[in-house]
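Mind having a look at this structure? Questions to follow.
For reference, chains read A, B, C, D, E, F, G and H in written order, and residue numbers begin at 1 within each chain.
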Amino acid sequence: MNAEFLLGLAILAIGTAATAFPGEKTYLARLINLEIPSFGLFLIMLAFDEMLALLTFVGVTAISTFIFVRIMERRDDR
Amino acid sequence: MELVYPAGALVILLLVSAAFFALVRERDDLHRLLLTELVAIMTLGLIALVATDLAEALILPGLVVAISELVALSQVYIAKEGLAARPAKVRRIEVMDTAPAIVAAILVAYGIVLSGFSGGAIAAAGLVFYFMGHGHAERFALLEAASGYAWAIWIGAFFIFMILPAYWFFAVLIAGGAILLKVMVKLSLIGTMRGDPDV
Amino acid sequence: MLGEVIRILAASIICWVLFVTVDILFKLPEKGGVSGAAAIGRQIRADGGDLLGGNMMGNIVSSPDASAGTLLASCGVFIAGIPGGLAAAALVFIGNRICHDPGYAGTTGAVLATFVVYGMTQVGFAASDFIAGTVIAILTIQGLFHIPASRVLGRLWRWRA
Amino acid sequence: MIAILQAIFGGIALLGAIAASLSKSSYDKLIGIGLLTGGVIPFVAARGYLDVAIAVSLLVPVTTIIILQVTGPEEER
Amino acid sequence: MFSLPTGQIGGRELFVVEFGDVVNYFSPYTASLFAFALIFTVIVIISRPERMVEIAFGGDAYLAKEIPTKDLAFQRFMAIACGLATLAAVVSGDLFNFALFTSMVGITNIGIVAAVRSRHVLNAAYQYGIVAMVATLPLFGAAAITLATTGSLSLWELYRAGITVPFVAKAFLVLGVMGEGMAPFYVAKAEITRAPGAPYILMIHVSSLLVFLRVVEIALSM
Amino acid sequence: MEGIEGQIPLILTAGIGLYAAIRIVAERRTLRKLPYLNVLSFAVAASVALLIPHPLALAAAAAYFVGSTLESNAIASAYAGGPERQ
Amino acid sequence: MIEYLIAATFIGMLFHGIHRKVIARIQQRPGPPIWQEILHALKFSFKETWIPETASQALFVGVILVAIGIWSAALFVLLSGGSLLLLFGIYMLHKIVEHGTGLSSGSPYGKFGAIRSVITAAAEIPLFATIAAVYLFTGSLAISDIAAYQQVHGPLLFIVPPAALAMYLVILTKVYYSPFAVIESKEIVSGYKTEHFGVWRAALEVGFSLKTFVLLYAFVIVFIGLLPIWWTLLLMLAILVSISFVCALTPMLSPYDSVTVQSIATGLIVAALAVQWVVMA
Amino acid sequence: MIISRISRFLSDYDNLVAAYAVLVIAVAVIGIVLIPGLVYEEEQLYPKQIDRASSLDPYDRGGEAFGRAEVAAQYPENSPYLGYVTAYLTPLARLMADETLHLGTTIVSHPGGIIDEILYNTRGLDTVAETSILFAAFAIAAYLFTRRD
């Protein structure tokens, strides 16, 4: 069990808690909190040397963030 | 691995429970959509724990399924809430004048070098960033067509593998290139979908 | 080991002088290059610091300036000698363009630093000393006490003007 | 990468994660994400995945800027 | 070369279609499902949609709804895609491949109803879509757990007597298919079926039932 | 402690990074966090270059540094309300 | 094969008639003659027939052929001792028939029937419990194997009563006038069959009588065993009459209540099976 | 009455997600209880072996360029050219690999990495499915986007 894996699990846990039960329940807060578990997963993939998956994941995360932003900028309440 | 796998599975299953518990309590539609993204991360985590090359190859389809469903559902959401018009006032940041072009160029170049699926995703992220600042809806149909052809080419490559395996070399080149094109174009279309449809 | 620490400290002083000079020559404290840099300057003034020094700190935050040039040039020299340093200068140039920065402070700093660092490696310093030295130097400006640091930078700017 | 460095960068990443999850302001959250990135990149680089490090360190700011498109004006606190 | 140990449940294999590691097969059971899916796909292709008549209950008012042909063409396209995905899913010989085609069934199902303009139907479709989306976790999770604990994804291997697939994986698999096809949670689907375009809407139901039938076979055989 | 010999610059920069991280978390005003973030990105970029002396590491360090700067720039500008606020 | 089909069809229609007659007698009405359903089918065959203008034509006709096709196939599976799973599959596909029949016409009544048919899909779940139980206890799903098992161990009805109950529930759901028959209840005219008339209706009735026959026959084979043909028919009739009693004495549920009752019943049956399995193991 | 309350809950499709989530939580909890039963199988397909000394580190998967690599596929007999795809390098990649360590993905995921072997060759059908999914999703999104209400 290497450092990346443990760190990844820890960050994944923190991020999931923050996303599932955010302090202030706004769309924006959830969207940003969603980045944290992404980094957790990122580290887990790193620990298993799954680099192509990791790269794709980061790219796709950026795109899915944009999809949410697209919805949110059309709403008045953020 | 005999310890890593159960430990990882334990943590991820716990987090799955937490994420779904949040989903049980959530009533708002957009919040639900955000939580599905969290669930998608858990899914990938479960696959990643297998820790083989096969797992890595399986993460890519998993990612694609997640982003595809998100794209479709987000558009259903916009249609059902009637959020057709883009807001007139858009936040302006200075770096948006300069950064997108250069960053997108770097990412697209890297994506092309990488080729295949990952390359497509990276390049698409760059292109989305680029299109974000501009309205490029007029290219929509053209890009759609390009991606359709790329898909057909990829299917062709797949059948080369299955029927004429001796030509694997060409099949690999075609498949890698076609997937790159297909994924890049498809995903970057999201970037063009920001403005009004009939510009 | 002790010798290395002393060399790092010496390198940090050299770096500090180098990049502050270049930055001030390129008029970084004059105004914030982007709205964010200006806002940082105003914030520092509101907290009791100097507006012009704050502007310079904001500019350092917002775009690769001479300090970044120094750091990356040291890295370049550390890795690949003079060509590495010049490559770093090119990268800083691209960085400047990305960050909506019309100036050439970063590029100039990188080119200058390449030769300085390379020269110092000939007289017993290691390039890695300069890497650590730059980090320490930037720490003194951006990382320890913002208010006194902004006053010092403001005074230097007025002295130049 | 030696253990002490792993501890330091891991600590930075954890600090970033906690700061991002606990902050109220979305700007502070984004700075927390930046902190998290700073902690994670050395792990990538130390394993030799330098090209990945380049791509990731360019993609993370892209994500941040995309999010910044919808952040509202910040109330002074 | 292959000997499928499924004599008791799905019957012996009739013939196999191999794509590298993914070896699809037709047994009497899967062949029946395949044939049924094929019939309905053909019906979707040749059939023209019905024109829905609406009445005001308690009154004598009738009115036939006119649906734009563009919407119906899109629905038909999605229904055909759904039929093809179902065809592939019911004969799949690989767990992950099955999961992928099942999620394609889920997404094309959303597509079939997404063309409807009624807000009520869209709302139901959205809720259904959310479930379909979170159902990818049990679906792919099942494949991942199976792969990790048995070292294989091929149903040919997993059906062997010596290999035990964890209960969680089986339960997740069934749950995932239930989520993607909504069988038997038809409550949202009932709202969806209020939409016009009968042959296409019917495809939603056909696909989810067939995939569910297939997963029952898989879960029992594994 | 073994392994520290010859690693002084690396540990020094990493330590400065940790210090900057703590200052970021401790600081309450958003705009004042950014200079600390700047220090952090200096430290991390330096660490990357020191960890792997390889030409691509220079590019990685530069990319990280530029990316981080871009991020700070965008955050600060968005926080300040963009150019029209001036 | 064809003679079996014809015989099964007629017996199934006769059963429908008997069902109606029994219910009528319980409710102290004279009721129709027991061959009424056969006459109905014949009468419909000679009536004027066309396809409604609003209908989706291929689906309107195709679904009828599918109905007859799947239940013929089911009979074939049953007679040849094939897989019980296949039978289960066909039973679930019957839902598609109901649904397609209702949707294809464009009529609002048909549509309501179809929607209710979709809602009550929980009706299939008891059969799943049956399959799982039979598989657990006999180790096979081939009907011939199950019959062989019963030769040795005696009827499954006494070995796994909860599973038999589940299948009974399934049959109960599908007969006319059952408490769960919300898809044909009279406030929506004839439910999904409203717009199918003439030859189409006759063909549908043929399909449905096959269905009744197959389900009852399957119950006898799976839970009692292979018996001489007359005994089998007698037992089928006995089961049918018991169902008729239930239908006559219970009110029809509202659609969603029907789902809930079925789901809860299934849950209880599964729990009972699990307990039994654990006790026996 | 409890039955009609449950019916009312289920008949509202807004509660559907919650109902499904409860089911998933139930299974996940069972999974947590049965964690000791999840034993990692050491005999995996396509295992990851990383040769730190190779000039292709960290992406080396063995095998010679234009030769053949050892790949643990499920059905090697179905892919006659198994292992060739894996060992393929473009000339540019070859040059970079000879030159230095740590060039990473730029080398091997040129068409020719093991991921390509899996994605395009042995498990190509997965990729067909996945691109079809992408295609379908975009058809939906593009249709809704361009439709005039």
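Simple rule for what comes next: a contact is a pair of C-beta atoms (placed from the backbone, for glycine too) under 8 Å apart; a residue touches a chain by one contact, two chains touch by 3 or more.
Computed from a prediction, not measured in an experiment: that's the story for all the values here.
More contacting C-beta pairs link the chains of D-F than the other of the two pairs B-D and D-F. Ranked by separation of Cα centres from chain C, the top chain is G. Rounded to whole angstrom units, the spacing between the C-alpha centres of chain A and chain G is 50. The distance from the centre of chain A to the centre of chain E, each centre being the mean of the chain's C-alpha atoms, comes to 30 Å. Per-chain CA centroids place chain A at a distance of 11 Å from chain D. The mean-CA centres of chain C and chain D are about 23 angstrom from one another, to the nearest whole unit.
Of all residues in chain B, those touching 2 or more other chains are 4-5, 9, 14, 16, 20-21, 23, 32-33, 35, 42, 49-51, 54-56, 58, 60-61, 64-72, 74-79, 90-91, 93-95, 99, 103, 114, 116-118, 122, 125, 129, 132, 161-162, 190, 193, listed in ascending order. Of all residues in chain A, those touching 2 or more other chains are 17, 31, 40, 48-49, 51-52, 55, 58-59, 62, 66, 72-73, listed in ascending order.
For chain C, the set of residues touching two or more other chains reads 34-36, 94, 98-100.
Interface residues of chain B facing chain H in the complex, by the touch rule stated above, are 1-2, 4-6, 9-10, 13-14, 16-17, 20-21, 23-27, 32, 50-54, 56-58, 60-61, 64-65, 67-69, 71-72, 74-76, 78-79, 82, 84, 113-119, 140, 144, 147-148, 151, 154-155, 157-158, 161-162, 165-166, 168-169, 171-173, 175-177, 179, 182-183, 186, 189-190, 193, 197-198. Taken in their complex, chain G has these residues touching chain H: 254, 256-257, 259-261, 264. Residues 19-20, 96, 100, 103, 106-107, 110-111, 114, 119, 122-123, 125-126, 129-130, 132-134, 136-137, 140-141, 143-145, 147-148, 153 of chain E touch chain B in their complex. Residues of chain E touching chain H in their complex: 1, 18-23, 70, 74, 77-78, 81, 85, 88, 94, 96-97, 100-101, 103-104, 107-108, 110-111, 114-115, 117, 123-124, 127-128, 130-131, 134-135, 137-138, 145, 147-154, 157, 166-168, 171-172, 175, 178-179, 185, 187-188, 191.
Interface residues of chain C facing chain F in the complex, by the touch rule stated above, are 1, 4-5, 8, 34-40, 43-44, 47, 57-58, 60-64, 67-68, 71-72, 75-76, 78-80, 84, 87-88, 91-92, 94-95, 98-100, 128-129, 131-132, 134-136, 138-139, 142-143, 146.
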